[in-house]
Amino acid sequence: MYEELLNSLLKGELSLHRLDSLVGDSNKATYLRREYLERKLNLKLEKIASSILDFNEVIGRNCENTIGAVQVPLGVAGPLLVRGEYAKGEYYVPLATTEGALVASINRGCKAITLSGGASATKVISDYMARAPVFKLGSLEDALKFVKWVKDNFQLIKEVAESTTRYGRLLSIKPYLIGRYVWLRMLFSTGDAMGMNMVTIASQKAVELMEREFPGVKCVSLSGNMCVDKKPAFLNELEGRGKSVISEALVKEDVVREVLKASPEAIVEVNIVKNLLGSARAGSLSFNAHFANIIAAVFLATGQDLAQVVESSMGYTWVELRGGDLYVSVTLPSLEVGTVGGGTRLPTQREALEIMGCYGPGDPPGSNARKFAEIVASAVLAGELSLLAALSAGHLARAHERLGRGKA
Amino acid sequence: MYEELLNSLLKGELSLHRLDSLVGDSNKATYLRREYLERKLNLKLEKIASSILDFNEVIGRNCENTIGAVQVPLGVAGPLLVRGEYAKGEYYVPLATTEGALVASINRGCKAITLSGGASATKVISDYMARAPVFKLGSLEDALKFVKWVKDNFQLIKEVAESTTRYGRLLSIKPYLIGRYVWLRMLFSTGDAMGMNMVTIASQKAVELMEREFPGVKCVSLSGNMCVDKKPAFLNELEGRGKSVISEALVKEDVVREVLKASPEAIVEVNIVKNLLGSARAGSLSFNAHFANIIAAVFLATGQDLAQVVESSMGYTWVELRGGDLYVSVTLPSLEVGTVGGGTRLPTQREALEIMGCYGPGDPPGSNARKFAEIVASAVLAGELSLLAALSAGHLARAHERLGRGKA
Amino acid sequence: MYEELLNSLLKGELSLHRLDSLVGDSNKATYLRREYLERKLNLKLEKIASSILDFNEVIGRNCENTIGAVQVPLGVAGPLLVRGEYAKGEYYVPLATTEGALVASINRGCKAITLSGGASATKVISDYMARAPVFKLGSLEDALKFVKWVKDNFQLIKEVAESTTRYGRLLSIKPYLIGRYVWLRMLFSTGDAMGMNMVTIASQKAVELMEREFPGVKCVSLSGNMCVDKKPAFLNELEGRGKSVISEALVKEDVVREVLKASPEAIVEVNIVKNLLGSARAGSLSFNAHFANIIAAVFLATGQDLAQVVESSMGYTWVELRGGDLYVSVTLPSLEVGTVGGGTRLPTQREALEIMGCYGPGDPPGSNARKFAEIVASAVLAGELSLLAALSAGHLARAHERLGRGKA
Amino acid sequence: MYEELLNSLLKGELSLHRLDSLVGDSNKATYLRREYLERKLNLKLEKIASSILDFNEVIGRNCENTIGAVQVPLGVAGPLLVRGEYAKGEYYVPLATTEGALVASINRGCKAITLSGGASATKVISDYMARAPVFKLGSLEDALKFVKWVKDNFQLIKEVAESTTRYGRLLSIKPYLIGRYVWLRMLFSTGDAMGMNMVTIASQKAVELMEREFPGVKCVSLSGNMCVDKKPAFLNELEGRGKSVISEALVKEDVVREVLKASPEAIVEVNIVKNLLGSARAGSLSFNAHFANIIAAVFLATGQDLAQVVESSMGYTWVELRGGDLYVSVTLPSLEVGTVGGGTRLPTQREALEIMGCYGPGDPPGSNARKFAEIVASAVLAGELSLLAALSAGHLARAHERLGRGKA
C-alpha cells in the first residue's frame, strides 16, 4: 500500500497533505512524505528522520505536511539570580541557537548580575493579548455611532467573546479611525497562554455579534494590523502587547572590571552612542543592542511563536553610573510568551520550560507565564550587559573569531 | 571522575562552561551538564538528551554550555513553481514551526501560484551585508576630515578589510554624522554566507587601520546600530541589507475562487485596508500580513540566524486586479540568508537546504544564497496570498479552531 | 537721548532687549533697535518699519527684541460648505502664503466639495492638550510606587494643577516607563485656547506637588518629549493631541470631471500609490499629499503657533470610488489650534478669525476652537482633493510654471 | 463699475478669482474681494487692508485671491558669532513669531555661544533638492529594465531636465521599488533657490521623456511621496534634502552658569533623558527639544516655505561635558532654504534676509543659500542650548508666566 501511495505521489495524483487521513497515522504519513521527497529529489533525509516526535500529536496542532524534525543545539546560561514578583531565586535559562558565542556571552552577563546580587527588580507592568479587526461603515457619522454602540454594549460583547474560552477575559476595546474605517483593538487577559489563538476565536465571535446587531457594519478583516502581530510597530511599543516587562540591576564596579573586563564609563558611552544615537539615526524603533538574540534563543528553546520575536525584541536599554557601580535596565514593552499551548507541549520544549519551573498552567492562572516573562527579561538584561561590555572593550570581533559566527 | 565533576558542579566549585576542556569531549560535557541540571533541579531531560548532534562539532561553532537539543516539527510546502534568476522550477519548501495551520496555509498559497504558472518573476535586486562602527572625533571639522580620509583611502581600507576573508569584498562605505560622531556603514559582498561574522572581523581590521592612521579618531563601538542587525529600522528598509528581493505572480481568477475560496476584489480590499492603512495607523514599518511567519519557519528549518527574522521580515505586500486575475507581489528589502556557515552545517538544517538544492557554496560564489533567497521570497508570496484570501473570506478563526493556534 | 542710546548700542555697551524698560515704550524701543541695525549694518529696513502693530501690546506677549513686522499676502478660499457639529454653513478660509498656486488649488477643491453638497461630515473626535514631564526615581520599584501614588492622588493633583487656570481641566495622566524613569503624560481640556502655555504652568504646579509629597522623586525636565510638542511622533498620531478631526465628502462624478478635470479612478490610484505606498516606502508618518501646505497657510493667517505645523499636519488621506462618485476623507489626529490667546489677538490675525466667525472664546468654552478645527479640517480636505486631482491628470508642473513656485 | 462687480459677487454670479483679469489690477481686485467679504459677512477688515504689498507683484507669484496681508511681529536675536564656511562673523537673526519668550530665549543662547567664541564650526555637508515621481510598469521584469534604462540614459535625462532651468543640475537618480512600481528620486542642485518649483518642472520634462522613450511605462504621479516634501520621513533624515547642516559650539562652564543659569551636568542629563530617551519612547523621528520653533520663526521672517518647517525641523541635538565645559551640536539633515525666488522677494522678507547679508543670488551660485543655512543652523544651536538650560534649571514655566505663551 505504501508503494502505491508513493507512486501516486510521484505521479502527481495525490497531495502530500492528504496522507494523514488516508493512512490514518501521521507517523506513517510523515514517513511517506519523507520517502517521497527522497525518491523524487534523489537525496537522503536521515537526520530529519531521526526524531522523537510523535506526529500524531503534532498534526492538527503544531505543524502539517510533516517530514520529520529539525534539531537545534540547546545550551544553558546561569545561574541567574532573579528578584521578580513571581520568579524568585536562581535560574538556568535554556537557549537554543546556532550562533556561536551567544550562550557564552549571556552566561557571562548572568554571572555579573548574580555576583552583584541579582536582577534587583523585574516586573511585569502590563499583561494582555490584542486582536484588532477592522470595519467599514457607510460614513463617518455611522463610524462614530458604531464606536458608541461598541462602548455602550461592552458587557454584551464581553460575554459573547468570553463564551469561546475558559481563560480569556475581554479587558477593554480601544477604537482607532481613518475616515469611515474603524479598528477595534480588543485586549484580553489570557491566563498562562500566549493567547493569540484564543483571542482570535473570541474576537471572531465578537465580530459576528457586531455584524449581526449593528446595521451596515462590515468587518473587512479579522486582523486589521493594529493588533499588531508579528510586525514591528510603535503602537505595541507605546501600548504594550503580551507582557510589558522591566528588569534592572546594579552591577558592582569590580564585577564590571573583573567579570566583564570593561569599565563602567565605557559601557555607558557605548549604550548612549550605539543604542540611543545610533538607533535614532537609523530610524529604528528598537533602542537596544541585541534583545532579539536572547529572545530568539529562549523562544526556540521553549516552544514560543518564533515569528513573534519581531515585536517581543523591541525595547530600550538604559545604563548609567551610580557611584562607581553600573546601573542597567531593560524595558520590553511587548514580550509575548506563554507556558501552555502552542509549542510548549512538545517534548523538548516542555523540558526546557521545566528547567525554569515554568511549564504548564500557574496558580493563579497567568502566574506561570509572568514568572517566565520575568526570567526572560532578566536574561535579556544579562545579554545586553555582556555585549555592551564586549563592544566597549573592543572584544566583539575577537569573540567571533574564536567562537563561530556573529551577533549584534 | 564524572561523579567528582558533578559534585564540584553541585557544590558550585566548577562552572558549566569549563567542562568541555576539562573532559576533552563535548558530548561528555553535554551529558554532564544535563546530568547536573537533572540532579540539581530534580527533573528529567530525556527528550532533550535524545539528539543526533555531535557536540564536538557544535561547541566552538554554534552553541556553548550545551545540554542537548531542541526538536521542532518540520513540514514542507509545495511544489512551488519559481521563476527566478537562479531558482528555476518546482521546489518543496521546508518549514519548521510549532504553529498549527501555518504550513497548510502556505501550502495552499503554493498551489495557487503553481497552478497559475508560478511566481512569474523573482529577483534579488541588491545583495550585501553591512557593519557600521561608530567613531568619535574631536570636533565637527575633524569628523569631516575623517570622512574625507576614509573616502580617499578606500582602496587601502578595502585591502586591509579583505585580508581577513576569502569571500568578503568591501563594496562601499557610507558615512552618517551626528555632530562629531561618525558612523561608517561598510557594505560587503559575502559570497554564499549570510556574512555577519565575516563582516564583523573584516570591519574590525578596518577600524584598527583607521585608529592607527588617522590621528585622534576613536572607535566607540564596532557596531553602532546603523548596521542594522536584529533591530527593525527604516535604514535597512530603504538601503537594504542581505538580499533585497521581489517576487510577483499573476493568479488566475478561477484559481483564486477555487483554490483560495475567495474573490480577487475582496483580497485587494483586505490588502489595502489591513496591510497599508492598518500598518500606517499602527506606526509599523512592515506593510504586510505575516512575512515573519514564513521567514521564521524557513530560517529555523535551514539554520539561519533566527534573531534576523526581525529585519528579514520587513516589507511590502501589494495586490491589485488585472483583468479578473489577481496580481500580487512581495518586496523584502532586507532578507539575510546564507547557504554556508552558521547553522547551515548542522545535520538536519543541511538536509533541509538540500531539499531545495541550496546547501553549500554556489558556483559562482553567491549564486546558491541568491537561489535560496528567491525561493524564500516566493514562499513568502505564497504565505501572504493565502492568509489574505483567508481573511477576506472570514476563514481565519475557523482555521485556528481546527488547527492549533494562531498567526497573523 | 535716542542718539545716546544708539551710541551705547553701537559701542556694544547696551543690549537690545534692555531698551523696552529703558525707554518705557516698546514702539520707541522697536524704532531704536531698527535704527541701530540700519546704522550698524548700513541698510534700510523701511518695509519692516511699516507696520500697524502696537509693540506695547506685543512685547511681553508675542515677541521680544522687535524691530517691526513681516507682511505676508493673505488670500481666501471659498465658499466652502462645512457640515460639522459646530461649523455649519459656507465659509471663506483665510490663507497666508508666499507659495504661488496654493490658494488657487485649495479654492478649486472648495468649489468641488461645495458643489457636491459640502464636507458631508466633519467631527472633532477628541480634544485635549498634553504636557509630559519626565521623572527619575531611585529604582524600578520606586518608579512603580510613584506611578501608583499618582494614580491614587489624581484628585489632589488635579486640584493643584487647575488652581493655576480658569479654563484648564486635568482629564487624565498616563504613565510611560523606561527603567526607573517615568513620563507622566498629563492631558488637559483647555477651552478655546490651544493651551500649551496654560498646560505648562499647570503641569509645573503638579510637578512641584509631586516633588514635595513623594520622597525621592526628581523631575528631570518639565517637558520630557512625550508631550509631543513640535516634533513628529507616532504617539500623537495614535493618542491625539489638540483636536483629532475627521472630514469627509462625497464628490460627484461630474464635478470631479468638470471642476477637477480628472477621473475618479485616477485620483484613487494616486492616493494609494503616492500617499499610502510612497509614504510607507519613505518611512514617513504622514500618509497624505500636502496637509502641511493648508495647515501652514491657515495657521499663519490666524495667529496659531507655526512650529506646531509639524504635528498638526500629520494624518491620513483616503479616497475610494462609491458608485461613480468619489468618496474622500482626511483624518488629522493632532490639530493644535485655538481662538483665544497667543497670536490670535494680533490685529490682522484677529480679523482673519472673524472672517470665519471664530475669533475669541466660544459659548460653551471650547466650542469656538472646535468650530475652527472643523473648518480647518474641511479646508485640508479641499486641498488634498485638488492636489490629488492635479497629480492624477498630470497638471502639477503646469500649474507651477504658470503660478510661482511649488508645493507637494 | 466696482459696485456692479460687488453686486455680481454678492449674487454669486462671479467668482473672486476672476476679478484680477476683469479689472486688470490686482490691487483693485484685492480691494474688491475684501470689500465683498466685509459686506457679505458684515465685518471690518481694516487691519488686513493696511498693507505695503503691491498685489500686482504678488498675484501669479505668491498668492491668489488676495484680500490684504497678515502682519507678524519681527524680532532679532544676536549678535551670534558664526564660524561657517560661508557665514563668518557676527549676525543678527530675524525671527517672526507670535510666541512670547521665544526670541528672548534664542537671544540668550546667542549670547552664550558668542561669549564662548562662537559656533565653532558650522558646515553644510550635502545640498540638493529632490523630486520623486512614481511609475507603474507591466511587471517586475519591466520595472528592472526601466531602472536599467534610466541608468543607461542618465546623460540624456539630465540634458532634457536641465533644459528647463538656468541653475538646476541633475546630480543623480536613485530608484526604489515595490513590486512593479518604481520611484525615481531625482536629486538636483538648485543654486540659491530652495528649488522645489525648478525641480518639479525639470522632473516633469524628464518624466515626459521617459514615457515617450520607454514603452509601457506610466507615471502615476509626478510626486510619489519619496521626495519627501512637507511630510516627516526617515528617508529625508537618512539621505538629506535641501541642506544637511551641522553646527557645534563649546560653551564655557562659567558662561553656562552665569548666562544660562544652569549647570553643564544638568543640561547633559536633560538632553539624554528628554531628547534621546523621550523621543525614542514617543516614536518620534526628531531627537531635539524645539528645532521647529527656531526654524518656523526664521522661515516666516525670510519668506521660506512654511510647510517645509515639517522636515526642516527634524534632527538631533547632542550635548556632552568636555572638561568642565559644555560641548553642544545640532544636526539638521533636511534644511530647505533659499535666498532667491518664492517669498524671499517680498518687501519685508527681503529686508530680513538683508539683515544677514543673505538676500539674492550668491557668487558662486548657491553660496548665499549655504551661508543662510549656516546661520539658521547656528540659531537653532542657540535655541536648543537655551531651552535645555531653562528646562534643566526648572525655569520653563516661569518664563511662560512672565512672557506670553509656550514653547517646547
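Should a chain be cited, it is by its letter among A, B, C and D, assigned in written order, with residues numbered from 1 in that chain.
Following the convention adopted for this analysis, a residue touches a chain if its C-beta (ideal position, glycine included) is under 8 Å from a C-beta of that chain, and two chains touch if they have at least 3 such contacts.
A quick note: this is a predicted structure, and the numbers were derived from the prediction, not measured.
Using mean Cα coordinates as chain centres, the one most removed from chain D is A. Chain pairs B-D and C-D differ in how many C-beta pairs they share in contact, with the greater number at C-D.
Centre-to-centre spacing of chain B and chain C amounts to 43 Å, using the average Cα coordinate of each chain.
Separation between the centroids of chain C and chain D, computed from CA atoms only, is 16 Å.
Centroids built from CA atoms put chain D at 40 Å from chain B. Shown for chain C are the residues in touch with two or more other chains, namely 176, 178, 181, 234-235, 238, 277, 279, 281-283, 285, 316, 318. By the touch criterion stated above, chain B contacts chain D in their complex at residues 120-121, 123, 125, 139-141, 144, 176-181, 234-235, 238-239, 246-248, 283, 316, 318, 329-331.
Those residues of chain C lying in contact with chain B across their complex are 234, 237-238, 272, 276-277, 279-283, 285, 287, 316, 318.
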